[in-house]
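Structures for review follow.
What follows is chain A paired twice: with chain B in the first complex and chain C in the second.
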Partner chain A sequence: MEPQPHLRIRNLSVSYGAQEVLKNVSLDVPDRKITVIIGPSGCGKTTLLKSLNRLLDSVDGVRIEGHIFIDDEDIYDPRVEATHIRKKMGLLSQKPQVLPMSVFDNIAYGPKIHGLRDRKRLRVLVERELKAAGLWDEVKDRLHEPASRLSVGQQQRLCLARGLAVEPEIILGDEPTSALDPQSSRIVEQRLIALKSEYTVIVVTHILRQARRIADHLAFLYLGELVEHGPAAEFFANPRDPRTRAYLTGEIS
Partner chain B sequence: MRTFRRRKIEERIFKVLMLASTVVVTASLLVIVGTIVVKSLPALRLSMLVQTPKGGYYLGKEGGILNAIAGSLYLASGATLLAVLLSLPVVLYLNLYTRKSSVLAMFTRFSLDVLWGIPSIVYGAFGFIVMMTLGLRASLLAGIITVGLLEIPIMARAMDEVIRLVPPALKDASDSLGATKLETALKVVVKQALPGILTAVLIAFGRGIGDAASVLFTAGFTDSLPGSLLQPAATLPLAIFFQLGTPFPEVQQRAYASAAVLTLIILVISLVSRVLIKRFTRHTIK
Partner chain C sequence: MRRLKDLLARRAMFLLTAVPGLLVFLMLFGLLLRSRAILAFHSFTGLLFGSGWHPLKGEFGFLPFLAGTLWVTLVAMIIAVPVSLLTAVYLSEYAPRSVRELTKPVVDLLAGIPSVVYGVWGVLMVVPFVGKVLAPLFGVYSSGYSVLSGGIVLAIMVFPTIIHVALEVFSAVPHELRETSLSLGATTWETVKHVVLRKGLQGIFAAVVLGLSRAFGETMAVLMVVGNVARLPKSVFDPAYPLPALIANNYGEMMSIPRYDSALMFAALVLLLVVLVFNLGARFILVKIERKVE
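Our next item is the complex of A and B:
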């Protein structure tokens, strides 16, 4: 029997007011692999992703039932601090969202709030994470420029580096390439593939070709329901559910 | 064909009307400033800026309005500081700690709107009653508190509007790095909204330094420089009022000179802060 994965979702239901967005979703997310969540727009993909680091907490009228375990800790246990859970996950949003500060400070921000003050160690860390995100060579002479002056593709990699800087276990990507040009999208995809040796990666996308390129494991959400999930090769070759087949052939989108 | 011509004429008429309104507004500013400058020229001299009123000043004798310049600057700075210290926490609380549907937030915004609409003389009267109850006399401190109260709704509502514009995704980005709400508020949201926040502070300062009715009973008036928080302080709007109220044309001219000084102070402060805003906000995300 395989050891239990880090991240387990059990019977998760989320609703906004009367509208049920996720219905009883249970999923084991394999460690150190890329799990891609696919499905048409509005099927609950982003909600699922945001529920993982408790970004739904501040949403009006949200009701969350069920459990999400990270290392056997239920993140919706009232005794658990949201900040502690969020530190374990780096988030890439649809549109890169740099912080209103310099390139350097964008990355140093996380470690600083978690207590790292030493300038020298911060410099080392910033360089390391920028290299991990494949951005160092492009920005090493612009570290003290406003981050908003970088190109959109560079900003997204900066966001990746910023997330890595707080030493997460899991990387969450919410359609992380949707605002990027094809070239930048490729670079981000390559970085995600490179990072899976050390991190568990979960990416939401509605681009099937992207899922084929990067996924080790797939989960198909449809109308808030987890229809099917499994290893990528099997998922694409032999979808079991008729709805998955319909989605893969483009009949539903 | 006919409707097209009609629409074209309509377009022209409205364009002219809009242009006319714009001209009226801009021209009133120029007329106001022009009147003040022209009327004040005969009286405007350096001694006005660096001397306090000597005996018989209001009868046309020697002296200046340094008492009122200093008093107004102290009073408006103190009041603005007080207003910032109260407005910023309110606004951050409303925007980061309460939900959109929160009754408290709705009620607070409603209260601020009502407070904004209350005439400043009412603030003055209220401040006066509080002073009487506490057995205080008119003083710089009482003026600061009253004008501070007057500034709070203006400042808080203006700040609220700009902080509401900070993209939620930016808060999410900071939150997902494990920041607490306070860290997100102070290090990201305030930083992003800084230009708007500074503008809000400026607008409030302008209102505060220019208001006469709220300081009439609370700050009092004196011919000497403000010595302490507990002594009365002169202010420019009241100096203008008193000088304009005399029957002597040369003293009335001094009222216009005082108005010019007041306008200049506001102008200089807006210009300086615009430069500062540029410097401090190079990181703001457009």
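Our next item is the complex of A and C:
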């Protein structure tokens, strides 16, 4: 029997006002694999990712039911602090969101907030993260320029590096390549694949080809319902649900 | 035919656009022309920085009035800036949407209240408060008609301007940017401080300048509570006499005194210049922000 995965979603339902966006979703997210969530736009993929990160807390009129466990901690337990949960997850959003500060400060932002003040150690950390992201050679002379001057592709890699600088356990990507050119998309995809040896990765996409390229595990979300999920090979070769089949053949999109 | 219409429309609109700009120039020019009489007797700087105001003896020093304007404005901004920025931060980042939607029109309503009403309220509430409560607390005597009263009333009048513009600025900061900061484990306050305020820095600056330029020119309410004594104020509990109050109180009254009329024109000129510079600065920055936010 396999050991229990770190991240488990149990009977999660989310609604905005009267609109139920996620309906009773339960999913075990395998450790150190890339789990790709696919589904047509508006089916609740972003909502699902945000609920993992407790980013829905501040949304007006949202109602969240069910449980999400990281290890054995229920992240919606009222005693749990949202910042503590969020630190465990690195979020990569649809459009690269660089903070309004320098390249250096973008990386240093998280660690500083969590109490790292020592300048030398910050420098070491920034260099390490940028090198790991394959960005160092491109930006080492521009560390103190505003990050917004980097190309979009560089910005997205910077965002990924920034998320990793706070030492998360889980990486969440919400259509992380949708704003990028094909080449930058490949770089980001390869980064994600490399990262799965150390992290649990969840990526949302509506590009089936991307899902085929990077997924170990797939989950298909349709109209707020988790229709089907399973290992990638099986999912693509042998979809069980008629809706999954329709989606894979492009009949619904 | 259509092209002719287009041409005409373009010309007409250009003219309409040019009129306000032209008006300001005309005003400047007119005021300068009418100030010539006094500028012939005194130097520009002598007028600005002279501290004696004895029109009967032909002595026209505007320093007490300039100082009065600056003091009252400064006190108002010291009160208004932090309070209204914190209010805006609360409304945009912490308050539930219902509170925000309810407060916005109230804030805008405050901006529409005629300034006499603020003045009356100031006389009824602020002046006694400053004279009977605050001044004794600091161990000084004050009638209550003072720089501080003017500053408080003015601050309250400036709140809506700053809050309104700051709210616009905050709402231009993308929601995803806040989420980015939060998802790195930052608290809401850290996010506000390092991301929202920073991203909106120029806009906030413009909000403050807009408030400031309103404060500079505001006449009625301030006039009613500052005491109007043409002497350099030594503390915030002293009365003052800001430039707009000088003009409003005396225009058409003391015209028999030689060059008094011209001196008031000069005061108006100075005031116009000050407000103009502040407004141009604010516009310039706002345009820059619009470009940045797109």
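Methods note: the second predicted complex is superposed on the first by the 253 of 253 C-alpha atoms of A that agree within 3 Å, B and C clash if a C-alpha of one lies under 4 Å from a C-alpha of the other, contacts with A are read in each partner's own complex, and residues count from 1 in each chain.
As a convention for this text, a residue touches a chain if its C-beta (ideal position, glycine included) is under 8 Å from a C-beta of that chain, and two chains touch if they have at least 3 such contacts.
All figures in this text were calculated on a predicted structure; none of them were measured in a lab.
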Joint occupancy of chain A by chain B and chain C, clash or fit: clash
Partner chain in contact with A:S102 - chain B first, chain C second, else both or neither: first
First, second, both or neither for A:P231, with chain B first and chain C second: neither
Contacts of A:G110 with chain B and chain C, given as first, second, both or neither: both
Contacts of A:A147 with chain B and chain C, given as first, second, both or neither: first
First (chain B), second (chain C), both or neither touched by A:G66: neither
Chain A positions touched by chain B in one structure and by chain C in the second: 53, 55, 58, 60-61, 82-84, 86-87, 89-91, 93, 95, 97, 99-101, 109-110, 113-114, 159, 162-163, 166
Chain A residues within the chain B interface of the complex: 53, 55, 58, 60-61, 82-84, 86-87, 89-91, 93, 95, 97-102, 109-110, 113-114, 146-148, 159, 162-163, 166, 172
Complex interface listing, chain A residues touching chain C: 50, 53, 55, 58, 60-61, 82-84, 86-87, 89-91, 93-95, 97, 99-101, 109-110, 113-114, 159, 162-163, 166
Residues of chain B defined as touching chain A within the complex: 99-101, 167, 169-170, 172-180, 183, 187-188, 191-192, 282-286
Touch list for chain C against partner chain A, complex: 96-98, 174, 176-177, 179-188, 190, 194-195, 198-199
